[in-house]
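Take this structure first; my questions come after.
Labels A, B and C are assigned to the chains in the order they are written; within every chain, residues are numbered from 1.
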């Protein structure tokens, strides 16, 4: 990993850009910190046991009620939504956790913010490792679904363009949300890491991850339409499942490219807003002297 | 080593009249007989054979009731290991130890009712509780009733000057204030014997002075209680302790009153010299130690000059040393003859200063 | 030599009692002191419970299942508390330097663990109640109120066995050192699954359900569902009477095991010199 980072850092335009250089170094650092994920015991817990148990809870719930009718489109909807959702929590909490980790565990916050680096790019970079590990869990969970429950996904019919583009946009929007939460964390005590979990939990509830938005009471449904995750999950399902994914009315009237368009717009707005929010939060944290606070209880 | 010297009976000539059930002298608060402690540490790989670290070797000490007894030694000397054994947190590998007449191996529960412990740099307690609440919690662990606990907490907070902070959450306390709270915690249960393990570690000068004055005052108010203090601050040991044991690499090298320990060096001449730069490290036969009559040399390079701390067998060795320095191209800036300190005693016995960590890397936790 | 003036200190049961409540105190008072913390602790399980309710709605499950999820969701608060604030607690306490002082004090370690459990139970009870009330109102869950006394007895036994298990885990986790954090993580979703927090455990088949019955919440939850819902008995794993008996035996076993393991742990700590004190 160090050799790869070294090579990227030697590319002239990366070397010249504060933001890119910071991003690459932060991604490398995040990877070094998270590298113990490859330990077989930890891999078994975080990449196998937890994600598969969490999807199996839904599988059993579904099987108990439907007598095991796994071929129904709603099953693939629930299964894939839950699998892809692993990325949502790992990206959002990955970025916001970096603030607490640096501040209270490694206690490097002071050094970081007195170094000539781009703080925004740094936090984004720190989230990369968790995103990669999350991606592995997503792939394992989907692979498990293919083998154990015959999810109707065929490699030949996957719309790779739509999948990759929507996922890149989805991840970028999640990273921007994570960054806003990380910025918020700069001003708050340690246990506010739960804010990240809470936002991830709300998205689970309101973005049609494991049930179509129509199930929600009408007054709650509009919430789902303001989150980019809703559009990403829909686009990713369509790319993976093909026409079967269109069986749910929530976003059926949007074409694939309309979904991508909405997702792009929302992501762009979130990135801009998160940049401003980050600067404001940093200023607040410095003003209140919270940049290196420790809140161990 | 002479047994008289180890137990310091020359300084304390009270006669021993009774003995306890285990044969322990009842006028003693603490007694250890040939206590050794060996740690078996595994390497990073499980297959590696455990490595043995001798933290204490045949330590025999007697601490009388009412004494403030010090254990003086560098990091890694074995001081904390000994305190842990006496505080029932660690078993000795061999030998016997008694606290308040009770065996540390077989009567730990009863010992725990009678002792208190305060360590330097302690971060115990719960941050969301106030000073008063944390102290109340620990007082209850010692079986104090509500009223007594509160009365004693209030009284002791007053003594250490923390009354105005008693409703402050401990997460909001500075290091110094937190250590004062730790002191109250260690003493609130009215212990017979208190173990103070580097109690002023990390404190600023004022806080350390306050802590020392608290200790002195407590013993004055409770002349029948005992304190065992470990420290590597010479001045602290000199100022506070009735008697001291100098400990290094798990061995007790000497045990006596500070005055008697320093008296051992009265025949020697102790000088502090400031000279010009000494230049590159010389060959062994060109070192100051090679001058006949030089017992110990401590060298410290500072801002373009060199400070030398010399223990000479006789005063008339000094001209030889100065001639030696001149030969090495160094000039004398200042010279001072001084009284021996505990540090000199330590250097004389061990051959190095107290600021040198003698522990092996792997056993730093087991000093 | 002057006479030592003793401050009176309790022994025996009185010392045990004082130690237990003293250790429970930070947990009970913590609820009022860190309100935002309590908020997150309630809101997170609440949100997953609500999500699972909507999954059942999406697949047109009978209304009883909504009630099953609500009760299961409320009980997750206790499981999380046992994992993160009981099993891992001695490890955190060691990290903070408290464990050494606990061991050093004459207050029995069992009383300290029981205090943690009582405090945790009070603290979590309020959160579980909040989840139960909010979700029941939100989804109009109807309960049958047949044998309240039996329900209370089962809940009490479940908690005794569950926190007894937590007390036992505390020693296990402490011995496992830094792996404790990972062990707690491992026992989260997989236990939600095998213990049937969100569906009747019978659905997993006899052997899995039997294996999962080691976790007291499995049988406790199953028995409570059988008593609370009209359709409960038909979906139950074992009879309520059998489950109650097993829970009572589990409670005794876990508490006894906790006692034995604590003693072994302290012995080992004193022998090795590295289990109790904080590693800097």
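Here is the rule we go by: a contact is a pair of C-beta atoms (placed from the backbone, for glycine too) under 8 Å apart; a residue touches a chain by one contact, two chains touch by 3 or more.
Here the structure is a predicted model, which means the values were calculated and not measured.
K.L.:
Going by C-alpha centroids, which chain is farthest from chain C? Tell me that one.
P.N.:
B
K.L.:
Indicate, using Cα centroids, the chain positioned nearest the centre of all protein chains shown.
P.N.:
The most central chain here turns out to be C.
K.L.:
How many angstrom lie between the CA centroids of chain A and chain B, rounded to a whole number?
P.N.:
54
K.L.:
Please work out the Cα centroid separation of chain B and chain C, and write it as a whole number of Å.
P.N.:
It comes to 44 Å between the two C-alpha centres.
K.L.:
Can you work out the whole-Å distance between the CA centroids of chain A and chain C?
P.N.:
It comes to 31 Å between the two C-alpha centres.
K.L.:
Can you tell me which residues of chain B touch two or more of the remaining chains?
P.N.:
126, 128
K.L.:
Residues touching two or more other chains, restricted to chain A: which are they?
P.N.:
Answer for chain A, listing residues that touch two or more other chains: 296-297.
K.L.:
What residues in chain C touch two or more of the other chains?
P.N.:
Residues 34, 96 of chain C each touch two or more of the other chains.
K.L.:
Under the definition above, what is the set of chain C residues touching chain A in their complex?
P.N.:
34, 36-37, 40-41, 43-44, 47-48, 50-52, 54-62, 65, 96, 179, 182, 185-186, 188-190, 192-193, 197-200, 203-204
K.L.:
Can you list the residues on chain B that touch chain C in the complex?
P.N.:
27, 37, 39-40, 65-66, 81, 84, 87-91, 109, 112-113, 115, 117, 119, 122-126, 128-129, 133, 136-138, 140-145, 148, 152, 185, 189-190, 192, 223-225, 365-366
K.L.:
Within their complex, state which residues of chain A touch chain C.
P.N.:
That would be residues 41-42, 45-46, 49-51, 53-54, 56-58, 60-66, 74, 78, 191-192, 194-195, 197-198, 201-202, 204-205, 210-212, 215-216, 296-297 of chain A.
K.L.:
Name, in rising order, each residue of chain C that touches chain B in their complex.
P.N.:
1-4, 6-11, 14-15, 18-19, 21-23, 25-26, 29-30, 33-34, 96-98, 100-107, 112, 269-274, 276-277, 279-280
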